[in-house]
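Next come two complexes, and both contain chain A; in the first it sits with chain B, in the second with chain C.
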Partner chain A sequence: MNARAGRFRTFYLSLFFVALYVPVLSVILYSFNESSSTAHWAGFTLNWYRQLFNDRVIAEAFKISIQVAVLTSVLSAIIGTATAIIAMYVTKKMKKAINGIMLLPLLVPEVALGISLLIFFSALKLPFGHLTLVLSHSLFCVPYVYIMVQLRLNDIDFSILEAAKDLGAARWQIIRTIILPLVAPSILTASLLALAISLDDVIISTYMSGAASTTLPVHVFSMMRVGVTPKVNALCTLILVGTFFIVGLGQLINKKANKKEAF
Partner chain B sequence: MQEPLLKLININKYYGDSHILKDISLDINDGEFLTLLGPSGCGKTTLLRCIAGLVSIESGDILLRGESIKDLPANKRNVNTVFQNYALFPHLNVYDNVAYGPRIRKSMNETKLKRRVAEVLEMVQMSGYEERRPHQLSGGQMQRVAIARALINEPDILLLDEPLGALDLKLRKYMQTELAQLQKQTGTTFVYVTHDQEEALNMSDRIVVIHEGRILQSGSPREVYNNPRNLFIANFIGDRNIIKVKVLEKGDEYSRIRLGNHELYIRCSGNAECAGDMAVLAIHMDKMRISCNEMPNSLTGEVLSIHYAGSQIRTEVSVDGKKITVIEYRNSDCDYEAGDHVTITWEDSGAILLPMEDFEENGI
Partner chain C sequence: MKKLKQNAPAIPILIWISLLVGMPLMFVVVLSFLSRDSLGNIVFRFTLENYKRIFDPVYLRVFLNSFILAVLTGLITLLIGYPVAYFTTKLQPKKRSFVIMLIILPFWISSLLRTYGWIILLGKTGLINSLLMQLNIVKEPLNMMYRFGTTLVGMAYMLIPFMIIAVYNSVDKLDKSLVEASYDLGASRWKTFLNITLPLTIPGIAGGFTLVFIPSLGMFFVSDLLGGGRTIFLGNLINTLVTRGRNRPLAAAFSVGMIVLVLLVLFIYNRVAKDKGEGLF
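Moving on, here comes the complex of A and B:
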């Protein structure tokens, strides 16, 4: 009975992972397909990658994506961390309010969020481009940083902070010498996550992109309108690898930090 | 009379509706090892945190060398705390942990700092561990580093909050001796919080017994041990037989009492009136002896049971229907078995007569 249950579990899990990853694998596979149609396999080629690297528009979109993602990750790291630390020092009621406000952007549907931001920035007469992209991306990246930093902060033994105070440290000195070093790994991991999220975003970016500031995912989306070419497959493969790399790096940092400092 | 180093004046502290510290007044002298002793929840740790500045007080005042420090935040007070769970900074090594205070206060240059860190680590026997991180240390070692980290600041008072609570018994005993030595060596005033009466008796120059937010008694270990002011202290410190007795005749120092068929002369607690009809007789179990011969001022009874527990022999004797426990560390002058009739005597300092007032609430 147990063996059967075990076999069923294995089967079920295998099915699940196949369903999840076969489409992804097929994108990678077809990015190396000689034929421009996905109907059949015509042999291995790096042609599509060559075409990709020669595409000026894609290169420009990639550059913009990276710029926006880096700025977003820095901005959300600062705002998210600062808010999480401030939330430590306020009343319970206030902390609950801050928590609510911080998590709200994750609950609002992106389509609605995009339209609201569009109207808001138009009213402010902000030109659509890097600035609006960074601001709007930060809006939904900050919560991730906030949550991850807060999780780490909750792990800090409160008496450590009291000890620092007892030894003569004022609040800002405690933050600089104790709190920030202890949460640094989480800030780094969260920034990498923000980087990945910003690089991937399509919906908000569609609203926010100016004529001269199309991000890579938005460009991919527009490429799709003329049909899936193997070039898109190649691009998706690269984005996939890049994202995995960033997220994996974040996990690695977190794991290492956890091992080093058991509170 | 020398001016006390720290003066606590009518301190009151509330947490919500509960009154934690009730009108606490206490003088702490320069260079003494003072222990705040009490059961958990009595307010002793809160009192310590009030002195440290980690919690505020509702009324009263705290004077350090004659100046009020009531409104100074913890980081501006020249007192340091050794926390129960050590509270070392996990991201800093031993050297940086110890150097934290002087660096934050910018009180020394790096050369002097290096020398001082080496000195205090030597003092707590942790030289050579400078590069270790806290998680690479044992509990006892972390405790030493925590003490070094506090002592390097040369505080007016070192506050210790049950610092040995997390250590095992053997290490605890060893650290007791060491802490007492360290205190004499540095001449720093120690205020030590514990619920362990043995720790308090072993180390302190003076013990302050706290119960339900009030100071019940303050005195030398010998005084508190032999002359408890009331039943709570008698019951809390040392193992005692506690028996309700009838007072026949009240004397200045000794009163004549009746316990069953026995008439005894027992010393009265210092200030308490042992008048009234009834009083409480409290006798240290380990200051009693069992004898087969008749003795003056003694009790006779029937042996109920004898337990051998390592170095001590625990004998239970029924005296006029009341069970009395005697703890001896060597065999009695005579052999006896359960059912034999024996005489129980005691050292004079081991027995005391206390007022009845809180007999019921102590639940005896």
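Moving on, here comes the complex of A and C:
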């Protein structure tokens, strides 16, 4: 590898990452701008954040988003983990079928999925609100949990399970005392992932929100449609910080678990 | 019989998915064949009217717009993303994992924020315009918002990590001895890339293309915020039909059309990937 090629590589990658992060950084930067226009920088202020905390509608939307995200992550963790463990025991053919079916919600474009759920839930006369939001969000969160837990399950030393079986442990006992503790960190990381995905969803939530249950991203979207204000910047920045906190926590747990691994 | 017993625990999962994905999709198909009365309420009367309307030139144009947007998004992300993925594989392990983290990180940044960032940059009083005016390069602010190109930029920006990851995995898996053999036989760097690396990473390219193509059909908020609804895309049309037009049967017909388009892409992808003996799905 000659030096010129190496320099070009560094240059190209740097240019790419500048382009990738400049839009994000400018949103953050201008949330602190005194002027309400992006035309010039008028000085540092926290005013827009203050306004945000006094906004009742945003607080309400935030509350709903958090409630939905927490319920979604618990539900997805249970279903996703159960599916991954069940998939260990079924026939090869069935496992393949489960793998395929799990990808289905991720393959249908979100608008089409949202519309179909809207039509389905209205036909069932389900009230639109928390219930529909949690059901629909868990639909596309479960596959992620499933995949992450499965990755971990593949790492398990099967001789341990065989030994337990030989010593007379029932299947349920093996699952409870060996498998679940081993995959617990993955389940936790995956639930945090589900939490973050649910908190960020716009498209499906647009159709699943009831009149009194607008989620935060749906509200942010309607704010953005009206126009650019630093208040939106401030809100986006806070959401970013919150998400990074959640994801960072997940990574930390994962790292710790991997370090503890002795076998 | 033993197999049946072995597979029994999977039944609740299959029911859960079919209830939440299969049934709704069936409802969409059924609804797309139903008509509306003068008040906009759904009437249980079979009609092909909705599908006939899809083939109306006005609506066909929407399909075409979406298709062009999706294909161009795929091409742009490929052109920009391939070198990123390729160069990343050449980095030392420590640097490499840092760069990969930088590529994945945007997934954790709200997609609304990332779209909004472009409004801040490209708007009439946006950062780029004020910079250009201050440097006296332009006198009048440039009109960069609400164009087809704006939507394209936003969409490519949103989806490029998918392309990079797909290509990266493919380049990383590549049998390095083939590349070395090519060098040993005296082929230049370019020639090796064109004759060895590129053909061998086609499954990764196809995978990335698929991962970019599918979401770009439906992300209506990008074209809404950046395109300002000037060019109408499938996602926007379906969204408007449901939220404002209250014409659910027509929206259902368009959703079916969108899903057919996705199936077509997946079919092509499977063909390409199977030929090369690997697959993403």
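The working rule: the second predicted complex is superposed on the first by the 260 of 263 C-alpha atoms of A that agree within 3 Å, B and C clash if a C-alpha of one lies under 4 Å from a C-alpha of the other, contacts with A are read in each partner's own complex, and residues count from 1 in each chain.
The criterion applied here is as follows: a contact is a pair of C-beta atoms (placed from the backbone, for glycine too) under 8 Å apart; a residue touches a chain by one contact, two chains touch by 3 or more.
It should be emphasised that the depicted structure is a prediction, and the values quoted were computed from it without experimental measurement.
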item: Fit or clash between chain C and chain B when superposed on chain A; value: fit
item: Partner chain(s) touched by A:Ala59 [first = chain B, second = chain C, both, neither]; value: neither
item: Which of chain B and chain C A:Met224 touches, first, second, both or neither; value: second
item: Contacts of A:Tyr89 with chain B and chain C, given as first, second, both or neither; value: second
item: First, second, both or neither for A:Thr177, with chain B first and chain C second; value: first
item: First (chain B), second (chain C), both or neither touched by A:Leu13; value: second
item: From chain A, separation angle of chain B and chain C (C-alpha centres, steps of 10 degrees); value: 100
item: Contacts of A:Asp157 with chain B and chain C, given as first, second, both or neither; value: first
item: Superposed model, chain A: greater residue contact from chain B or chain C; value: C
item: Touched partner set for A:Lys165, first chain B, second chain C, both or neither; value: first
item: Superposed arrangement (fit on chain A Cα atoms) - minimum chain B/chain C Cα distance in Å; value: 13
item: Shared chain A surface residues [contacts with chain B and with chain C]; value: none
item: Chain A contact footprint on chain C (complex, rising order); value: 3, 6-7, 9-10, 13-14, 16-17, 20-21, 23-25, 27-28, 31, 80, 83-84, 87-88, 90-91, 99, 102, 106, 108-121, 123, 125-127, 130, 157, 160, 189, 214-215, 217-221, 224-225, 234-235, 238-239, 242-243, 248, 251-252, 255, 258-259, 262, 266, 281
item: Chain C-touching residues of chain A, taken from the complex the two chains share; value: 1, 5, 9, 12-13, 16-17, 20, 22-24, 26-27, 30, 37-40, 79, 82-83, 86-87, 89-91, 94, 97-98, 100-105, 107-113, 115-120, 123, 135-136, 139, 196, 200, 202-203, 206-207, 217, 220-221, 224-225, 228, 232-233, 236, 239-240, 243-244, 247
item: Complex contact set, residues of chain B against chain A; value: 52-54, 73-76, 80-81, 83-85, 87-91, 100-101, 104-105, 133, 135, 149-150, 153
item: Sites on chain A touched by chain B in the complex; value: 157, 159-160, 162-170, 173, 177-178, 181-182, 261-263
